[in-house]
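So that we are looking at the same thing, I have put the structure below in structure tokens.
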């Protein structure tokens, strides 16, 4: 199964949230809210002690979730709960490699299947080290999402040609986080990726405003939005944890998420 | 002039006090009191910033006197004041070498003469370095007092034969200060000194009790008592500085000094 | 990029090309006689190499067993073996046309070494250091600043070495075009463990020759402490082909049976941290556990992948040494030989002393004294105050 | 025992025989190849000599004048030239059958060196240190204790180095039969200035040869700092017969026009202190004036008698360097060369830098970098805080 059709007529909006931030129940509700806001898929982040590819906003979300006792297994178990509440868009598990490595490979894939997870994204496993996992994903119909960066240069072809589900383009050098501007050179970078890729080309790392989404809509097939949303969750966390206020906070969050969805979407 | 007859029939008692401790006027009175107590001569100590041959008691006296503005010239000027008050025993200037060195040699000897000073004792100028000074003293009829120590060994003969006034034997290894016991070996040391010396053999460094004086009376011609007396002055300092109490304190001091004078003295 | 099952290059895609460039540049450099010459010139004229080996005669007599020799890396400029690698990497940075370097540091030794070579080569230098370590190692922070480096306090995670390394990697990801990342130990993604090893092997190469010149044979055993493990690899590298028993000493902290230790090989499991697959202190879910050791330089939850390999093949034995055992060894060396070892190195000493006792007098142990203990005097004072010995 | 008018042996009679015995023992020792061999063995295998000389290329370029070379005494075991002498004297003590040593110390460097060699030779060690210095140099006190030495706080006088020396002499007077007094500089009664000079001349002997091997000529000028003056004499000794300009740098503290300095030659007068006739800071009545310098190692009211002689003959020029000038030089060397010099040595650097600027590029200056600055980081931090730079 592939996450998305090879060619999409609408801009993909792929939000990222951290499992267990601020609480596992809330994560389920947030996922539903994101679907309702128009998300094309959700990246569900596994909190990790040493998230080297993440900026401060997601680092803090990770810390909060870890304090809540979240772990890779519990995180995956949230997906069936989401499904039960009506979630039907793809779920991509975003996790650093080490938590995966601690699970027996068979049981890891069993968990992915059991929990109806559609894709896997590991930010610290480059193409060369991922051979076996990619193969296994293919067998299990899990989309193994590849990242490609402006520094990838001669590696772009290799990565893009092997991409499944979508190809995740790092907008500029760096870690995740909110940024005001993108590098000029991104256009040519994305063009090159597109030229090799048979799956949607999605831009992430630093997408934080509607203007950026509009700007990017001409040169790619969608965006991943992480830190901007996680920061909103951080802002709302007290209300989200409050039984009486939660519904309103979820709605506020949904409204915020909508700003990243282009009106002419035809999903 | 020599300080004492070559052979003395009584035990010499040579007290040491620091000029200007606790005050220059008091020093004059203390000198008179010591003469009255039976002192054979007085060592008048010049306070010095770095008294390496002195123990803590005399170091502190030095500090007090320096704070009072005492210096080598002012100290010498105290002697005529003592004479005016009836002092007729010899005065030996006890000074480290450096203050002497800062005076022009001619003016230093002029000061010694003017101020009726009889002897000179410099604890940090050994025999070999004192040639010139000893010569000059001889010309000026000032007794240059030599020290000899148990470690002097082969040097004893050289030092003792050249001694003038008296020869000052360091009782044991060390610096000045109160000690309870003397080294056993002192007897043979003093015997050797006596065998070469044509002047009285006096023991100093650590003489602090009448018992010691009695013990020593069999093997030498007298004692120098420093720290024990200076400690008494320290104890009495407040009263000594008090106009009304001074007389009593001087008398107390004199009584204390008498304990070092053997009753059978025939001075 | 692998040592048996271990090592590799587990990093964000952004770093793959920069790492490949470094690998290529290093390979070329090591084949360039001019580069090698400049490296050795600096080791000699700047850092004062060769460092001597000292026969610890008093300790040897006291223990009554094998002869103990010390490779004196403490006599290097800046006081530890760290400078060997910093010199090598800064030369590589220069060769690659980089003008800015970054480094991570725990206690500050690698930070000082990096700041030192950055000053010598006129490069801008940023040192990432956990906020907690910045507070504890105030003097080293000031030393780095005096040398012109900027010290960046890291407030993420537990605010110690692991987090400083994370932050340095994040910074590097964002600035890899003009920055060179000088990693301080044989850790990190390939080619770093290899590069650091090659720049540290001067320790073992020198020591092997020096020892042979004195004793006419090779030592029976060679011992070094292991945090990330750069001094140990540098020492062991020369002896790997020989029939010499190699022993690594890792930090057991309050004891490997407690939660407070840094005994990565004794108690760790396989995992990926800071770009390589190795043994780690981690929980069942792969979350890294903060290690503990009285020695800031051994206080790392991972270990160099080559050590993981050497442990798994059995070529090197790794033993763990508690804080107290290390301090006892430090004290013994100070009292008997007048040498104040770094607490890190004292772990190696402790292991060496235990072995020496059980060996014959015609046998010998060569210990890597990786650094001097001046930096640890504060820690030691605090410790002795705590246990009421001072 | 004289250097021109200076030197001599102005001590209590009790010390005359012990000093004569030391003189004799030293003379015999220096003619005993076994003694010389053991001394050089320890310098090499224990302290890591020869220390290298480092070309300070960046500073040279920055100043645009003479080439500046640094003799790296900071790379010695314990971090300064002090160990050269301590090794020599402890060997002498051993030769004389003494089992206990004493020493005076100011900032603690000579105390640490003495405690070090005492540990190595299994001797009991007492270090006299002014109570004020004990307080200020807490870490060095602890280092000495770790090495097994007893640190005796001196409460007399101003409670600093001068008073510690007085007290050490007093203690020695009382215990000279079984104690050897290891004096730390070229001061004190004969034969100490001579003994210390001979044990420190390894600095100059090595440097002269090393420099010649590099440059094919001798340096135009040689510069060293002067407190008591042991590193300077050690350096100068080798160059005295040559046509090389020798410059000593003494501490001007807050300025020689103020009361706060330690510029003994610039501002001192003749007198006797600690057993020898030399230049002193003293008042008209011969009372010693407490000197001041930011550098604890130059903070001494006297100077070695040979320096007094070399100053009076004009063979060596002595210039004074203020605290601020020394700190500027220290900072420049740290920033440009990655070397943290002791504040003492920074006085020599400052003088060398001033000279270098006015010299031609084909000329050269050899500077004795007598010790490393790690010990001074506290002082530097306090200073920079005071002036608002940190």
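All chains are identified by letter, namely A, B, C and D, in their written order; residue positions are counted from 1 within each chain.
Just so it is clear, a contact is a pair of C-beta atoms (placed from the backbone, for glycine too) under 8 Å apart; a residue touches a chain by one contact, two chains touch by 3 or more.
These numbers come from a predicted model, not from an experiment.
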| item | value |
| --- | --- |
| Chain whose mean Cα position lies farthest from chain D | A |
| Centre distance in Å when chain B and chain C are each reduced to the mean of their C-alpha atoms | 66 |
| CA centroid of chain A to CA centroid of chain D, Å | 66 |
| Centroid distance [mean C-alpha coordinates] between chain C and chain A, Å | 38 |
| Chain centre separation (chain C, chain D; CA means) in Å | 34 |
| Chains grouped in pairs wherever the two touch, ordered by label | A-C, B-D, C-D |
| Contact set on chain C toward chain D in their complex | 44-46, 48, 51-55, 58, 72, 74-77, 79, 115-120, 122, 138-139, 142-143, 145-148, 331, 334-340, 374-375, 377-378, 380-381, 390 |
| Chain A to chain C touching residues, read off their complex | 48-56, 59, 63, 66, 71-73, 96-102, 123-129, 146-155, 159, 170, 173-175 |
| Touch list for chain C against partner chain A, complex | 8-18, 156-157, 162-163, 166, 169-170, 173-177, 269-275, 277, 280, 282, 284-288 |
